[in-house]
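Here's the structure we're looking at; comments come further down.
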Amino acid sequence: MRLFLAVLRRELLIAYRNSADLLNPLIFFVIVISLFPLGVSPSGPILSQIAPGVIWVAALLATLLSMDSLFRSDYDDGSLELMTFSREPLVLLVLGKIVSHWLVTGVPLAVLSPVLALMLFLNFEGAWALFLSLLLGTPILSLLGAIGASLTVGLRKGGLLIAVLILPLYVPVLILATAMVQAGAQAVDYTGHMLWLGAILAASMGFAPIAASAGVRISLSR
Amino acid sequence: MWNWFHRLGAPKSFYELSSKLLPWLSLLATVFLASGAVWGLVFAPPDYQQGDSARIMYVHVPASILAQSSYLMMATAGLVFLVWRIKLADIALQCAAPIGASFTFLALVTGAIWGKPTWGTWWVWDARLTSTLLLFFLFVGVIALRSAMDNRDSAGRAAAVLALVGVVNLPIIKYSVDWWFTLHQSSSFSLTEKPAMPSEMWLPLLTMVLGFYLFFFVAWMLRIRVEILNREIRTQWVRDKLTGARV
Amino acid sequence: MLNVNHLSCERDYRLLFEDLSFTVNEGEVLLVEGGNGAGKTTLLRILCGLYSEYQGDVDWQLSETPVYLGHKPGVKDLLSARENLTWLTGLYQSDITPAQITAALWQVGLKGFEEVLCGAMSEGQRKRVNLARLYLLDSLAWVLDEPLSAIDVEGVANLESCMDAHLARGGALILTSHLPLSLSKPIKKLRLGN
Amino acid sequence: MRLFLAVLRRELLIAYRNSADLLNPLIFFVIVISLFPLGVSPSGPILSQIAPGVIWVAALLATLLSMDSLFRSDYDDGSLELMTFSREPLVLLVLGKIVSHWLVTGVPLAVLSPVLALMLFLNFEGAWALFLSLLLGTPILSLLGAIGASLTVGLRKGGLLIAVLILPLYVPVLILATAMVQAGAQAVDYTGHMLWLGAILAASMGFAPIAASAGVRISLSR
Amino acid sequence: MLNVNHLSCERDYRLLFEDLSFTVNEGEVLLVEGGNGAGKTTLLRILCGLYSEYQGDVDWQLSETPVYLGHKPGVKDLLSARENLTWLTGLYQSDITPAQITAALWQVGLKGFEEVLCGAMSEGQRKRVNLARLYLLDSLAWVLDEPLSAIDVEGVANLESCMDAHLARGGALILTSHLPLSLSKPIKKLRLGN
């Protein structure tokens, strides 16, 4: 447990050190979203229709691509192999890294999302539902993404391979969440969606860290 | 001319000069801003169709104008730094970026606030708004790059290159966005057909614009001075300054 | 402390070593020799469980995990020397005080660099940060892959005395090195390659 | 010139060696696009309306993110600093890398795009226009992206910083290209758009390699 | 061949060297000495124009560019030894034949590894691939940063004779090393750091 906190502190410290890294997913998120009015059309009706999908896809990408560097730098400078020797299970370390990643990426995205929702002419109820969906959804993204990150670390493939591996796993979350937001926008009750998201979150909580630490060991024995 | 240029380029002499200029500039800035604000917010007539909500224009328009011209100034500083390797230019660039970004942000916010009463929504994908948003992204890019690099010299040059690239693209971006908007004209509002302003409205506006410019320069100088002290901290003249300040 | 029996390993169809058996006891040094590409790093990684494609068996009679030092620096560019060392040692032990960290950094000759980011350090300095672990961890088994490379002359002398101390307190040491090594204890040698 | 070809051969050889890298941008492209029917709505009219924008945004991201590794690995293993010593100007080497990047990313995207266009219910004329727009547009993306890559190499920031730096510069291309596709889909003449794209291409041909090689030198002097 | 005048450099507020002046002529060796962090790498990078924050001036009387070898291996993991070497030398000269490439690889003891990907090589082998350039390029100026590190004993002897040959044909050599170096010519030394 002490170690878990140590990881958390280290990761947040590093994130703080290159604070640019902290903001990048956020800015990326905003920019990608603002590309759609330019690419599709600025008209309100259309935008409000595609808003949930666009915002969620952007969130997916922002998380996933920031994910790529989760283990990369530790691998490059060899501190990842040292972690595998630690006195406490590797799972704990991995979980620590995942949590800190969520704190640094997921939470800001969720917090910022309502503004963007309004920029895409989503109504307040929709924006609120979006916020909730992101708050529940992004941890799942971080957890699943970590598996991909652990498997692709060490292969110098840029951020794309991991996207290819993991995006399909994200599809259920995407569908649930966007449905939830649309329900919210039409003032339909969406507790059902939230329960489902919660369930997925719990499940991935269970197995993702284990899978990820297995992945780390695999990547290292090469 | 040339060696004057270089003498000014020396941080020390700039510091001296600016300490002479600052009081006057700040005085002027306050005068312009105060008078412009009072004039615009109290005496100027309300907009004949928008009523008093239009008064936010006296903040919004100057902010928007400043947003654009500060990017130009920043890029100019970058050019000077790349060509003549004048350290001061690097400092100027570094200090201009955040100020410009905040002006852009101000333009966005005031615009959004203005949009609510006039258009009934906080935001529309209008040409001007969009290009301002993009301008904001360009600022953010420069700042992000600057802060991402540890080594100062290369960070400065990298930021300069990026700022120049941005300035080359800025007109293309503005033009394309305008064109894009006219393409979708039917589907949205526009700021383009504005009634010609009566002089009682644009005179205070002009005062505010000037005031904003002055304020920009004051803020810029202050930041530059601080940065100079930071960088030259180990040189004799700074030491003297600081000890002098202490006693 | 370590028993290795009938260990053999080949990497892409090249046999590195075959039927290797040796033991390392408390207070003993094993120097793994061999030219470039002989398989030293591979052997050390196998001993530490970092490489798994081998036949034969490796068993440690050891409570704690061995200290491994590889070719890579193993320090984070964005953390200072102190932060790196705190983290690296924290992985193994939880009872190390800041004062000890500072002391260790001084002992590897990084006095004045405690707060410098490792990204802003020279090759050798980065390596020294990693080596500073040796002064802090009380694991009895050290597995060091070319600990002396990139270290300057005083640094090497320093390190050798550190190793002597380790051996004196009953530690075991397995290392590789392309430079001559002078320790107080007799050095067991294991030669790989033809 | 000999050297230019040498770079080209080397880059293509490497790309071929980890052929996964070759496919990733493509797969990424496909996956991202196929997220939209899931996230937005499967209905034909809506999709055909957003198709040009969606496909082009996906292309933007695919190019940009694959761009990130353009100089990265050369920097990591130190061969980038050796390139600056070469007997021919660095610009030539940089241009070579850019061209090869376009060959392995841009061209495949363009070739694949019509299929995706049809999947999003764009009509044939639209699909054809899309193909042309990508063929003309992707080299611009590679050229501009190279600037970002050169400036961010050596900073371990994952692919996001470069996106933040460069995406705004992509906007004109995005606007022109999507407009071109929409025109094509409505069987309106779009030679004007093509000429504009060509002009931008020529311009960026001119200054991007120079800026990029300047960026490389800057990143190296650290 | 190389004149350096009043060169001084500091990195984050630490003065590395000040008012350094020296010359290196045809057939001369300059060994840059100094502890870890003294500034050797920085100096060499400055000489090669890879680092620009310095005062003073560096001028080469030289037609072709110097051969620089740094701490990093400088080889691509995904290319074979032959491909790497072809590419690396192609950067400087266009007249090198495959036969010469093979010969050079054999001379650095990589016989049998010509077609192996450098990613599948040991630390030292990777370094050897980069060193093989020295047998092929006819630039008269070599600037080598710790060329001997990670190289095994025979490898070092090999390299020293290669350097001797270079000096004999009137080449200039500037290098750093933490190991003792034995060359036929007298070695000019430049000590950095206190």
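Labels A, B, C, D and E are assigned to the chains in the order they are written; within every chain, residues are numbered from 1.
One rule holds in what follows: a residue touches a chain if its C-beta (ideal position, glycine included) is under 8 Å from a C-beta of that chain, and two chains touch if they have at least 3 such contacts.
Here the structure is a predicted model, which means the values were calculated and not measured.
Among the remaining chains, the Cα-based centre furthest from that of chain A is the centre of E.
The two chains most heavily joined by C-beta contacts are A-D. With centres defined by CA atoms alone, the chain at the far end from chain B is C. Averaging C-alpha coordinates per chain places the centre of chain A 37 Å away from that of chain C. For this pair, chain B with chain D, the centres built from the Cα atoms lie 32 Å apart. A separation of 45 Å divides the Cα centre of chain A from that of chain E. Remark: chain B and chain C have CA centroids separated by 55 Å (rounded to whole angstrom). With touch defined as above, residues shared between interfaces to two or more other chains in chain E number as follows: 52-53, 71, 77. Chain D has residues 18, 73, 76, 155-157, 161, 164, 167-168, 171, 175, 221-222 in contact with two or more other chains.
Under the contact definition stated at the top, the residues of chain B that touch 2 or more other chains are 137, 140, 144-145, 148, 150, 153, 177, 180. Taken together, the chain B residues at the contact with chain E in this complex read 153, 234. Against chain D, the residues of chain A that register as touching in their complex are 18, 20-21, 24-25, 27-28, 31-32, 35-36, 38-41, 46, 49-50, 52-54, 56-57, 60-62, 65-66, 68-69, 72-73, 76, 155-161, 163-164, 167-168, 171, 174-175, 178.
Listing the residues of chain C that touch chain E in their complex gives 11-12, 34-37, 41, 71, 109, 113, 116, 120-125, 127-128, 146, 149-156, 178-179.
Residue ranges on chain B touching chain A, taken from their complex, read 121-126, 130, 133, 137, 140, 144-145, 147-148, 177, 180-181, 184, 187-188.
Those residues of chain E that touch chain B in the shared complex are 13, 52-53.
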